[in-house]
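Multiple structures follow.
In what follows, chain A forms one complex with chain B and a second complex with chain C.
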Partner chain A sequence: MGRAAITARSRPQRATDWLPPALIAPAGVILSVLLAYPILRGIALSFFNTRLLRFDQGRYIGLANYNALIADPNFWNSVTVTIVYGAAVTICTYAVGLALALLLNRRMPARGLLRTIIIMPWAIPDVVAVLIFVWMLDAQYGVINYGLVEAGVLRAPVAWLSDADLAMLALVMVTCWQQFPLAMLILLAGLQTIPRELYEAAMSDGAGHWALFRHVTWPGLRAVNAVLVLMLVLNSFRRVTTIYAMTAGGPARATETLSILTYNTAFQYQQLGYAAAIGTALLLILLAFSLVYMRIVRPGAEA
Partner chain B sequence: MTARPNRAWRGLLGLTIAAALLAVPLSASAYTFKYPSWMWEEGDVGVWHKKRLAEFEAAHPGIKVQATLIPSSSFEQTINTQIAAGDVPDLLPVFTNMLAPLIDAGALAPFDDCIAKSSLKDRMLSSVSYARVNGKTYGVPLTMSPQSMLVNKALLAQAGVDVPKTLDEMYAAAKAVKEKTGQWGYAFPNNVSSVLFTYIQSMQWVIGLGSDWATPDRKITADAPKTVEAIRWVKRYLDDGLSPRGLDANAVRTLFASGKVAILFDGPWVMTQVQSSNPTLLKDIDFTLMPTPTHAAVTGGAYYTIPAASPHKDDACAYIDLVNGEKVQREWLEGLLQIPGTTVQPSPDFLKTHAWVGTMAEIAAKYPSGLGYAPPGFAVQAPEFRQIVTDHLAQIYSGRATVEAGLGDTQKALERWAAQQ
Partner chain C sequence: MRTGHAVGAMLFTTLCAALVIFPYYWMIVSSVSPASMFEWPPHLWPHTVTFDAYERIFTQRPVFVWLRNTAVVASCTAILCTIVSINAGYALSRFRGKVPGAFGVFVLLSQMLPAALIVVPLYIVFRQLGLYNALVGLAIADTAFTLPLATWLMRGFFDRIPADLEQQAQVDGCGRLAAFYRITLPLAAPGLVVVTVFSFISGWDEFFLARTLIASQDNWVLSVGLTSFESQYAIAWDEMMASSVVFAVPVAILFLFVQRYLVDGMTSGALKG
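This part shows the complex of A and B:
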């Protein structure tokens, strides 16, 4: 009787044990092929002196690519550029996204229409957006220069994309413009999960706007912030299309992030092995960042 | 009951397999001939190429030409990656700067035998020498032209100056144009994000003053007095507001074709652009000698090549013969204003209306192909070399470094890099 009862209980459990892995398996196989294999192949390639047009003639050189990387000023320049670009884009995108999310979280006329309009930049393909901005930022014909000169902000047109000081600023602005709707949507969703009662209780205690934001909104967005900031940082670290189409890493490597350096090294200079080492370094940097970041923001971390 | 239909199906399957096997020998000569190019949709040039494609297919029944369009901006990277991945074209047009790395990597086949049997062997341009390594020919010119001085004679006349013949005259002319007409005296690509064009433009000046960035024995000469003098000239135009800042090659050409620039150093393709976008301006444009002391002109273009791994080299050879036929080459020149890859004697009528073509041919005859595209001694590693030079030119053009200090840094950076090669 007892054994029969155990058997009867365990039978359905055994059936469900196999179901999840079976369902995940196809996606797992596809992911392994599309993600794991290229990553592992790339890491392996970083120990060879392979060149693009001599792909079969690559020789194993141990850590030589990594030693060269450490001594390469262009690599360290790209590390700096990547950090500056990533930080600036994340701060700008988050700030604009939060401001608009707070605005659109209020009751107001045409709120739905406004939300739709604000999402538009995110719906435009990267390349199309970049081509439009390249024209707008053109040193000779650009509408941005025209507007700024007409408004008296600039005395003469400036070369936004070929001046090393301005190119990064232009790039951050464009990336921020492309990404803020995503940040806004995620933050808006986060804001709508904060119970109204918390605001009402705080207001009945006499809390003002700043106190409400600091003690109710900000803690309420904590989980959303953790994911959003990680997403924004990772996106900016691996972004290629926008940067390549706008500046290709120039002028004078002022916008050459690690992703762009990897691309240029592999396909312009044809040093596939060395490019793989740069890509692996980028992977390690992102892994380290993600681990440290998740450790900092995990629930109960401040305890 | 079920045995009969099974047998019938099996019989049908057997017949199908037999038919398929019989069909194999019949279709063995039919295949797809892979011919990627950046030119397939280039207006009249694309139409010309499609006509040749149709002629080739008509002459070779069973061969289907796969005309893949790859944009010129990404042509080199795409082709290199395809070849590395084993997806090899049968006929491959390459830009001048692509030739040396492809030959060095063994990716191209020599085709001297093909040339010897073809009709173009007696009409080859001397620029074929750039595609010759160790006595073997790896490419024949597709189009080859010097980049010399283009002038808008109407703008110069408005400013009361003649076509300049020296650097001092050119500076005075550019200044007069700016002051008297408000248009640009001289424009050049200085959007340093575009490495190749920034480098080539600097070469117009550097070789024009008799120098280069390196010598054939791989000695770096970035801080040689003549190189310094050349870059000082370029910088002067930016500093004095006589040249627009931040433009790439396309923007500069558009500006010139719209009549807003008096002097430009570029190739004859600008004439084609003027003819199509602003035909009334064409009569005012001239293509003439560089005003630099040596008058040397950066010379380049493109070549037809046959990849080493192509299984259809004979057909590629036939295609090269077809596109270099005497009649179609004349059409290429006189109909499209494209500079032919073979010697073509223009008709007197054509020369009467396009005198600049004669001047250009004279200039082209004086300078070797590939001059200016790749630094001597570093043709294979040219992309990195050009990048280093352009990185430092960016510092100089923006005023962050003086010409002397910037080129001193260039010298050190190039020497450091060259030592690792």
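This part shows the complex of A and C:
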């Protein structure tokens, strides 16, 4: 009996093994029905002129939605807004995350407590982060206007969310506030994988702070950077809750990213088919960006 | 000299931390100082503390109903997500071959899909299946969006438990499934708690699906209800901030306990492949 068990175990599992598929099946069904199928159906929907109130009565119209898309100035506006928002959020989040990771990587009293306080913004629900900032940015009673006027940056309080550029700035500010802790924690984990000996060797060669950062820290973070930047860009392209709750794409489409344009087209302008075409364009942009990025950066090359 | 540096670094970090945490502080201050709220310049600390706003949100606003709905959705999401991700995570951790391999790629890819495209057809599917405007339907949708990371987290926890124990149990005549549920799963209990808490929080915080898939105000969750506090004349900021405290602070504290596992889970998929 013991012998039989051992031979059974040493034999490689055959394709007819029922256990792995059975364990995976529930998750596979949920992800297929609620993520994969909607994506495929969304792509299919982009060839129909379906409307919200009669969602079961769409007619096949070929590439008409895509032809309309290419001629639609709102679509191209959203492409620009998405790129501006994505770039600004990625740069700000990364910069703040890196600065605080370098700071918290030093030895200091109460480091654990400070680290916990600094990651608190990540713990807050998106909607609440937005509400707090909308209140802090209030044109009449907002504490941010107060601080900026006191500091001499502004002469008088401004209406952040009714000005196109300021609304984008406010949005980047909230997103960055919420996202930098994740960037910081990932970078902190990356910093801790850099061997101490490398720093000691460089220091004994007389390297200064900047040289240490440039020749030891920065190369050491290469693999982490590659993954983190891709994650930040993709997340900002896909982000919906923060933008929708804060500006819903306004004022005058100044913050209407492709994700928000997709949603507004479907549920405000009630054009499901056209919305699906915009969403499909977004999907293609995400895929193309990821593929090009991986070609250039090769995140796995050193890991 | 070195201790001087450390103290200097600490003071500077403390300043950064104060700036970072200020929005939390302002949320709490604004929720307890309604009288001094609409004043210029704003008072950085409250002159009078009152819990009127908290009383009003529970008596004059349907916050209690929304809170209950949120709890229902978050609990269902947590239960469903945990049960499903335990099995899938175990399969990803222990088995190689076509099915687990393809599933692993599928899980990673599904984390990259744009939610804005998914909800358009999902809305149609939910209308057709009768899941539209139902809390259970929302919990199922939340589960689907939470499942990829939950599965990946669970896989990571199983990876850290040696397979020898369950193989020993199998040699002793225990079935493979029994070995998993009776030997390995109890050892993965901390991971189980982390995944349950994580999926509870994502169900609790979720806004976008709730906004799209729930229609009637009786079925709203708190994240959707919160954004509706605008009256014709002014936004009731004290009530909004009081509801935000009730909604956000308990789960934020819960979140701090699981956050470090999330970082591992998010990066391991991409870094280790």
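The criterion applied here is as follows: the second predicted complex is superposed on the first by the 273 of 303 C-alpha atoms of A that agree within 3 Å, B and C clash if a C-alpha of one lies under 4 Å from a C-alpha of the other, contacts with A are read in each partner's own complex, and residues count from 1 in each chain.
By our rule, a residue touches a chain if its C-beta (ideal position, glycine included) is under 8 Å from a C-beta of that chain, and two chains touch if they have at least 3 such contacts.
What you see is a predicted model; the values in this text were computed from it and never measured.
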Which of chain B and chain C A:A252 touches, first, second, both or neither: first
Which of chain B and chain C A:Y269 touches, first, second, both or neither: first
Partner chain(s) touched by A:A211 [first = chain B, second = chain C, both, neither]: neither
Touched partner set for A:L291, first chain B, second chain C, both or neither: neither
First, second, both or neither for A:A223, with chain B first and chain C second: second
First (chain B), second (chain C), both or neither touched by A:T241: second
First (chain B), second (chain C), both or neither touched by A:F55: both
Contacts of A:D163 with chain B and chain C, given as first, second, both or neither: first
Broader residue contact with chain A after superposition on the shared chain, chain B or chain C: C
First (chain B), second (chain C), both or neither touched by A:A87: neither
Interface residues of chain A shared between complexes with chain B and chain C: 55, 138, 140-141, 267, 272
Contact footprint of chain B on chain A as seen in their complex: 51-55, 138-141, 158-164, 167, 247-253, 264, 267-270, 272
Residues of chain B defined as touching chain A within the complex: 77, 80-81, 83-85, 101-102, 105-107, 190-195, 244-247, 251, 255, 381, 383-384, 387, 390-392, 394-395, 398, 400
List of chain C residues in touch with chain A within their complex: 5-7, 9-10, 12-14, 16-17, 20-21, 23-24, 26-27, 30, 37-42, 44, 83-85, 87-88, 90-92, 95, 97-100, 103, 106-107, 110, 112-125, 127-128, 140-141, 143-145, 147-148, 151, 167, 170-171, 176-177, 204-205, 207-208, 211-212, 223, 226-227, 237, 240-241, 244, 247-248, 251-253, 255-256, 259-260, 263-264, 266-267, 270-273
Residues of chain A touching chain C in the complex: 2, 5-6, 9, 13, 15, 17, 19-21, 23-24, 26-28, 30-31, 33-39, 41-42, 45, 55-56, 100, 103-104, 106-111, 114, 116-129, 131-133, 135-136, 138, 140-143, 146, 150, 177, 182, 185-186, 189, 223-224, 227, 230-231, 234, 237-238, 240-241, 244-245, 258-260, 262-263, 266-267, 272, 275-276, 279-280, 282-283, 286, 290, 299-300, 303
